[in-house]
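Below you'll find the structures, each written out as structure tokens.
Each of the next two complexes has chain A plus one more chain, namely chain B in the first and chain C in the second.
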Partner chain A sequence: MQIFRAMQISASGLTAERFRLDLIANNIANVHTTRTEQGGPYRRRSAVFAESLQEARRGVGLPGQVGGGVRVAAVSVDRTEPRLVFEPEHPDADADGYAAYPNINIVQEMVDMITATRAYEANVTALNASKSMFLKALEIGRG
Partner chain B sequence: MITGLWSDEAFLSLHKGLDAAAERQRVAAHNLANVNTPDFKRSEVSFEERLQGSLAGVGRLPLAVTHPRHIGRQAVLAEVRHQVRRDYSSSMRSDGNNVDIDREMAAMAANQLKYNAMTQLVNEKYGLLRYVIHEGRR
Partner chain C sequence: MKMMPVNPFLPISLQQPAAGRELSPAGTADFGQALQQALTEVNRLQQNAALESKKMVLGQAEDVHQVMIAMEQARLAMQLTVQVRNKLVEAYQEISRMQI
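== the complex of A and B ==
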């Protein structure tokens, strides 16, 4: 329904940030993964967000399109070189004795995690604000 | 005239104000949802200045005009609409996003209070009508 669009927008933000958190958790969990189905070490993944637009209802807001929240446009896979660690006893080590580890910077993951958490909280606040506004509108005429 | 009860300036302004506040909430939610979207530009709702412009003409006789772009034509209250604008003028971060989360939060809190106040005013107006309808008994 039209009046609940603000809540749907916040919900799309919650979904997107939660998806980002999933990816970050996956990156942290795989910080030492040296073998994957595609071969080679795990590669860091990150979400690419894009604004999602909806067709405007006649006579409301901008002509044409209005904001409809956010969506995950793509998951980008890190292409940087893996981190080489000298471990001759490692089963995945190459001929020179170097094992390839994912090039994941745990500090960066933590910072991304905090950013995603804060953005999630901001969306929760917006959702609660919308909810209380709609509840207030229900009071019209109760007198 | 009974229609005057429901379409006086106060009711109309409140009605439009509530619409604008609901839209502003939607826009704030959209800005906040896109706080991590690269190249996203924030939107904002302008309403109060438009309302002010039309209220200045209330009670005054308008000049007769034959074209909507003639000088002296007052914006009629019933035609006032909020407008959503996108702010392309600034960039907050290196990824081109210009959502300032503090600003959005503050605007949202203010907007919520405004909405609640307007709801209360609508209630008061209806209460007065009810009082008159009940011949002042309640």
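== the complex of A and C ==
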């Protein structure tokens, strides 16, 4: 239904932020991972979002002005050099005794987590606003 | 200043409801059809909410918010239906109270 368009847009935002939180949780979980299937240490992943385009709503507004929310366009893999730590006893250490750890800054991950959580909350607030607008419209003519 | 003339009343034929349908211009559904469509949509939303909550209970749900949004949409659509029904009943009662 057309009246639920705003809710669908907010839902796409919620899904996107939850996906981002999944990636952040994965980054934090793999902060000390030295082995991956591709070889080498784990590499930090982050989501790339794109605006999801849909046909504009009929009636009000200009055509093509209202998008259809957000979608995950890609997952980008960090290509920075791994963090080398001198650990000669580590099984994944190189010939010089340095083990390659993922270049993940836990503080940055925490900040990203806070922004993902807050963005999720903002989408919930937008969704509740569209719901209360709908309920207000149902009050037309009452009382 | 040009006045809009009052259209002459057309006799309403109770025997031939099909004739009334022909009066509505092509491409626009009459009220019964529109109501039917809206009710089908409400029913679809209710079924979607039931399906989502079932998936949630079975542990197959992808997102909690999808379940909540589906249930909320079903609830809102139901409230809209109830309001439309209230308006219809109100209109009917208004007419039935008419003094003849």
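By definition in this document, the second predicted complex is superposed on the first by the 134 of 143 C-alpha atoms of A that agree within 3 Å, B and C clash if a C-alpha of one lies under 4 Å from a C-alpha of the other, contacts with A are read in each partner's own complex, and residues count from 1 in each chain.
One rule holds in what follows: contacts are C-beta pairs under 8 Å (C-beta built on N, C-alpha and C of every residue); 3 or more make two chains touch, one makes a residue touch a chain.
Keep in mind that what you see is a predicted model, and the values were worked out from it rather than measured.
*Asks:* Considering only touches as defined above, state whether A:G69 meets chain B (first), chain C (second), both or neither.
*Replies:* In the superposition, A:G69 contacts chain B only.
*Asks:* Thinking of the overlay built on chain A, is A:I9 touched by chain B (first), by chain C (second), by both, or by neither?
*Replies:* A:I9 sits against chain B, while chain C stays out of touch.
*Asks:* First (chain B), second (chain C), both or neither: which does A:K131 touch?
*Replies:* second
*Asks:* Count the residues of chain A touched by chain B and by chain C, then name the partner with the higher count.
*Replies:* Counting contacted residues of chain A, the larger count belongs to B.
*Asks:* Go through the superposed model and pick first if A:M110 touches only chain B, second if only chain C, both, or neither.
*Replies:* The answer is neither, since A:M110 touches no partner chain.
*Asks:* A:A119 in the overlay: touching chain B, chain C, both, or neither? Say first, second, both or neither.
*Replies:* first
*Asks:* In the overlaid three-chain picture, which partner chain does A:A50 touch, first (chain B) or second (chain C), both, or neither?
*Replies:* A:A50: touches chain B, not chain C.
*Asks:* Touch check for A:R18: first (chain B), second (chain C), both, or neither?
*Replies:* second
*Asks:* If I apply the document's touch criterion, which positions on chain A are contacted by chain B in one structure and by chain C in the other?
*Replies:* In chain A, positions 7, 10, 127, 141 sit in both the chain B and chain C interfaces.
*Asks:* Which part of chain A faces chain B closely enough to touch in the complex?
*Replies:* By the definition above, chain A touches chain B via 3, 5-7, 9-10, 12-13, 16-17, 20, 48-51, 60-62, 66-70, 115-116, 118-119, 122-123, 125-127, 129-130, 132-133, 136-137, 139-143.
*Asks:* Which residues of chain A touch chain C in their complex?
*Replies:* Counting only chain A, the residues touching chain C are 1, 4, 7, 10-11, 14-15, 18, 124, 127, 131, 134-135, 138, 141.
*Asks:* Using the touch definition from the top, list the residues of chain C that touch chain A in their complex.
*Replies:* The touching residues are 41, 45, 63, 65-66, 69, 72-73, 76-77, 79-80, 83, 87.
*Asks:* Can you check the complex and tell me which residues of chain B touch chain A?
*Replies:* Contact set of chain B toward chain A: 18, 21-23, 25-30, 32-38, 40, 43, 84, 101, 104-105, 108-109, 111-112, 115-116, 119, 122-123, 126-127, 130.
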